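For reference, the structures are reproduced in the following blocks.
Common to both upcoming complexes is chain A, partnered first by chain B, then by chain C.
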Partner chain A sequence: MTDRRRINGPLGGTAPPVFVSSLTSKTTSPAKRTRAPDELRKIFLKTGLTPSASGSAYFELEPSTPTAASECLASKAPALKLTCTVHGPRPLPRSAPFSPQLLLSTRIKFAPFAARQRRGYIPNVGERDLAAHLETALRGVLIGERWPKSGIDVVITVLEGEEDNSWNKGQSGESGRTGGWGMMSILSGCITVASAAIIDAGIDCIDLVTGGVAAVVRQPTAPPQVFLDPCPSDHEEIFAACVIGYLQTRDEITELWTKRSIMASTDDNRANTMEFEPLVDQAVEAAVAARLVLIEAIKESTEVKVQTSQFGHPKNAAS
Partner chain B sequence: MAPPPTPLSPSELSYLHTSLSLHPPIRPDARSPTSFRPLVAETDLLPAANGSARLCFADGTEAIAGVKAEVEKVQGLGNVRWYDNMDAEMGGIEESERDGEQEGERGKGVGEDKWIEVTVDMPGQRDDDAMVVFLAQMIHEGLVADGGLKNRLVINARWHWRLYIDILLLSPPHTYPLPLLSLTTHLALLSTRLPAPISNHDEDPLFNDDWDASSPLYPSSDTYPDAKTPPQSSPARPPITLLVISVGDNVFFDASREELAVADAVLAVTVGAPSSPSTGLNLLAVRTIDPPSRLSASAAEVGRAGAEIDAEGGKEGVWKASKGGMKRRVLARMVQMCVEGGGVGEEVLGGLGEFS
Partner chain C sequence: MTLTPIPQPLTFPALTFAKLAPPSFLAAHLTNPKGSTRPSGRTPTQTRAPTCNTGSLSHANGSAVVRCGDTAVVCGVRGEILKTGDVAEYEAREVKGGDEEEEDDEGDEDDEGGKERRRKSRRDDTAEMARLNLLVPNIELATGCSPAHLPGGPPSVLAQTLTQRVLTLLHTSDMVGMAPLRIWFQPPRETTGATSGVMRMGGDMEEMDAREEEGEEMARAEVKAFWVLYVDVLFISLDGNAFDAAWLAILAALKDTILPRAWWDADREMVLCSDDPVEARRLEIRDLPVPLSFGVFEGDGLGKGSKEKEKEKEKGKEKWVLVDMDGFEEALCREEGTVVVGGGRRVVRIEKSGGAGAGMAEMRGLVDLAAKRRKEWMGVLGVH
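Coming up: the complex of A and B.
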């Protein structure tokens, strides 16, 4: 029985109205990519930020269009912020069956405030699926047999995630189970940040695994082209995307995820068929570039660790 | 998430791995690398579902899939905000021209991903188990990736079909059941029929209750209702997902449980029928799967010494799971074999076409 004596609010949630700027009609057009096709967004990566965990890292991608969009809330460019903690290796509970090697468990959770639509606390299907991808990417890298009867937990919290549409495009059709293209760059970031945190925890790996994304994008004028590190709201339409977890020194792929028709034959028939291999190669390029950042971040934290082990913590020494 | 490890000793696994990495490889059941085991299938067995199929593989795994369709009002139409269409209105003539063109081409709107729901039920597994989640996600991803299916679900501007695909695995999961579930879904969708509408263009939908008048969801190319929608415009087959493994440089299809246990890399490749013939198949999705060999107990027996990191340099006669990932050229070959014209994907699609 509805309450007829009062004027109630609408049943579902409402989104705040976003007004079209009266200055120019340009604001409603989608943000354009200002980077070159093979240019990645700047990455910030730092390890060892969570003292209570045995290893941790923080990863951030800068917003793709920082200058133009800042005035209007609606067209605020999305950024990607991830924090990862690694707990362990720690002994398995007594009740667990014997395991001759390190048991890996991964968990990816969006913070409730990570996206435009609020997320609940219980991981949904898309988040669990991302965690399965991450587990595949990491399992091949860990040297698990050095820790029998123990397990590690890799926990990633997405503090700010990317969305498919910019805000002024109306209802985001997402919120479904597969998620959108934003999930692809989130996964790539997750692989890199988890790799950094595992190294910070001092767990033996055969190589550093880093993530990279490439996408085939439709352009207004030119034929479709492959872009590294695509930001979904920058592009009009994405045909296909590929995430990769790559080991550079061994030239091997631990994780591969591509979506959508890759041999995309659109209006003009054969000219823009995109092949699978070039897309993978471009994603590998992106992963190689992310590796440089990862190595710098690890070097930095190792130097700090060496200093603290020799002279005590710098903060303590100063006081 | 992985199936339970096989009860094979390290030396048995080593024997298997060696014979599979020979040139040419020798499989335990003497098949060629690309040949499939025989399978039993029947369609249209559930009277209460719009479409259904049962598939039984040679190793005894069996699955039933049912497709149910419900009519639903298009979501989000009521709360279109005035500014949503702002740029379209401002855009002026060319935008509306383009709309008109699409209208004529498709006759209907564009479907959404969430109109298709896939659930997988496996005996003895919780429904939030990683494997169940992953399987449902993988099948759903393939179905929405080729836009054909979801566009078929549009009834008119305000109503659409919602498709529930429920897959029940009858046997315990010995191996990755992904190809089994995918092929079952394929057959169920092929046999799906939707009641014929008797209402006009934008009215609330009413349907003919004569089941003989219903139209198939995937019409076969010769029985097209009218010439207005030529068969080229959308792929007339649902996509399928194949499980491909590699051992050394060799690539195998339809791996048995023992072969999976020594696989170096496992890949799930979703392919769909092409929009135009003779160009090979469309590659819809690819993803790597954790090879179960890394989880088996024998994986750790050798490496305890700690000195050797690489698995390939292990002791003679004792097999140990490899570390690291797969090489790029192996990956490219695995995908190529699925997709190329006259390749395995076409063969499987052709074989399944016999049922419909």
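Coming up: the complex of A and C.
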């Protein structure tokens, strides 16, 4: 089915470029992680990018191997870049049934240039799945009773996402339609950026929700270990990963998503990294660290808001 | 006898006034005795200063982030490969092969005939590019960039018109050169004599013989595939003048685009690319046409006495040509248009609709302004 409202390109279809290096050398080792296991990538978070929306925020994670960016066309280290806008709260249309609570709708869309494979404009299953996860993460924080008969829209655009394999490993594995490990850090970023945008919009929340990821990773020599904020292309194999939406002051979890097999905790207190609970604990650690950045970003934007309310907007100063 | 109460004039904060009576608010600003200024503090012919940042997306071949006032745009250009075998009814055109071409062009420049030939081949190139759909621009507004554009539905009318306008301008302005988009197959020298005849199908015998003679001297290169450029523009924030911002982002991204060296591998029957950045090529950008969008605001004589209104009727309505409008002004102007000016003040395109407020004199002024704006943009793009 072709989308007649957009320009679709040649009818015969096009193929993404194939690099010689991906055909010849099959066993190149992935880029090594240079961070410590409990060290997060630097987060950039800024609110107020879209003045016409009620709230907006921009989130960026620096690429995990920044030096390799210019050396090779085939495998550039991607950064995670997300923008989020929040519209509302606004009245529901008259035709909508009565709702005693604020209706939350979340949408996540990948830009066509977000991944190595060009993505279309029609929303796919993976995006819907992520949006559903985000909705659960946010619903627990909003104080919905304060806005009966109204709704808010949270719209996230993924400008650049992470992928499981670097080019050299080919397109094998489970990085198919539903997405692989990269989706986990995207979701974690989405939770944090949406939280910032909701606060920018001035919507009442019970606490600040932030996202965190941790993963159990195979190591070449040592036994498997839990890493915070894993970048999928840094590791040879990830056994299991966990994303969390966490409220620190209330010590509550609004969203929990683990992937792949992990053992339920056993009774004896042996320190086994392949267990569920240590993994969740580490994800919580990551979420707590992201919260520091979120607080700073909110402080910054609030200061600007206070200034403009005192002296008027610079734009309107002349009138 | 009762005292007639002295009527107190109503006072509002400026923002409330703007919401209650937008046309009068704008008219009041423009009729300012100290000189017309717009609510944003700009004069009617003042544009918003753009900022531009290129190469920030790692998955795209070229990218740019552009911000003009409160309008912010991200553009990513991505190259994909279209094999000639996948094109229905593909007709191979007679084009000069890969690397020799540039030298030939230089040589031709002196004589008139060469120039004419060059112009014709450029026209043919553009026609071929349009026929093969090698440039695929799409503009996405449904990113929540303004409350009017929320996702969850087909692209809005505005998004569709913007996309079509961009596509037309890309083709009519003839700005992207065809040469770097062709992917060649250079047959190895030993087999030249045997293959050259096979490759040229559809030619008559005499011509084929001529080719074969030629082929003995030089291996015959063949176009096996094309680069298709997907140009995707996403609006992060929209506050008026979507077209200019989108176009500036496209220009910057195309200028930033690097295509890896690609060739046809006869053994694998596929196109391969080299990941060495040294071998990669930039696009051939021949011209950088710059648009200037404007609107004509007609004062309805609001906020004036009836006598003044009478006077106005005699001499016609007041009108202002506003350049690079923001969202507030766009909602108030029925007459809108765009002037596109290329290098050497070449007028590439003029479009205007909605009224007859801007006449010949105004349009001439707008072309001058567009030329001025082009200079500003060239500075932002780093072209001198």
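Definition applied: the second predicted complex is superposed on the first by the 268 of 319 C-alpha atoms of A that agree within 3 Å, B and C clash if a C-alpha of one lies under 4 Å from a C-alpha of the other, contacts with A are read in each partner's own complex, and residues count from 1 in each chain.
Throughout what follows, a residue touches a chain if its C-beta (ideal position, glycine included) is under 8 Å from a C-beta of that chain, and two chains touch if they have at least 3 such contacts.
Note that the structure is predicted; figures quoted are calculated from it, not measured.
Novice: After the superposition on A, what does A:P112 contact: first (chain B), second (chain C), both or neither?
Specialist: Second partner only, chain C.
Novice: Could you tell me if A:V141 is touching chain B, chain C, both of them or neither one (first, second, both, neither)?
Specialist: First partner only, chain B.
Novice: First (chain B), second (chain C), both or neither: which does A:P78 touch?
Specialist: second
Novice: Check the residue A:L49 against both partner chains and state whether it touches chain B (first), chain C (second), both, or neither.
Specialist: second
Novice: Going by the contact rule set out at the top, does A:H87 touch chain B (first), chain C (second), both, or neither?
Specialist: Touch partner of A:H87: chain C, not chain B.
Novice: Which holds for A:P17: it touches chain B only (first), chain C only (second), both, or neither?
Specialist: After superposition on chain A, A:P17 lies in contact with both partners, chain B and chain C.
Novice: Please work out whether A:M184 is in contact with chain B alone, chain C alone, both, or neither, and reply first, second, both or neither.
Specialist: neither
Novice: Report for A:D251: first if it touches chain B alone, second if chain C alone, otherwise both or neither.
Specialist: In the superposed model, A:D251 contacts chain B only, not chain C.
Novice: Which positions of chain A sit in both the chain B and the chain C interface?
Specialist: In the superposed arrangement, which is not itself an observed complex, chain A uses residues 12, 15, 17-20 for both chain B and chain C.
Novice: Mind pulling up the chain B residues that touch chain A in the complex?
Specialist: That would be residues 1, 76, 79-81, 83-84, 86-87, 90, 112-114, 128, 130, 133-134, 136-137, 140-141, 144-146, 267, 272, 274-276, 279-280, 282-290, 294, 297, 299-301, 303-304, 306, 309-310, 323-328, 331-332, 335, 339 of chain B.
Novice: Write out the stretch or stretches of chain A touching chain C in their complex.
Specialist: 5-21, 23, 49-53, 56, 63, 69-79, 81, 83, 85, 87, 107, 109, 111-116, 118, 121, 153, 155, 157, 159-160, 167, 315-319
Novice: Spell out the residues on chain A that touch chain B in their complex, using ranges where they run on.
Specialist: 12, 15, 17-20, 25, 28-29, 100-101, 125-126, 128-129, 131-133, 135-136, 139-141, 143-146, 148, 168-171, 173, 175-178, 206-207, 245-247, 250-263, 265, 269, 273, 276-277, 280-281, 284
Novice: Give every residue of chain C touching chain A within the complex, in rising order.
Specialist: 14-15, 29, 37, 39-41, 57-60, 63, 70, 72, 74, 76, 78-83, 86-88, 132-134, 136-138, 140, 142-147, 150-152, 154-155, 160, 163, 167, 228, 230, 232, 234, 236-239, 258, 260, 262, 268, 270-277, 280, 327
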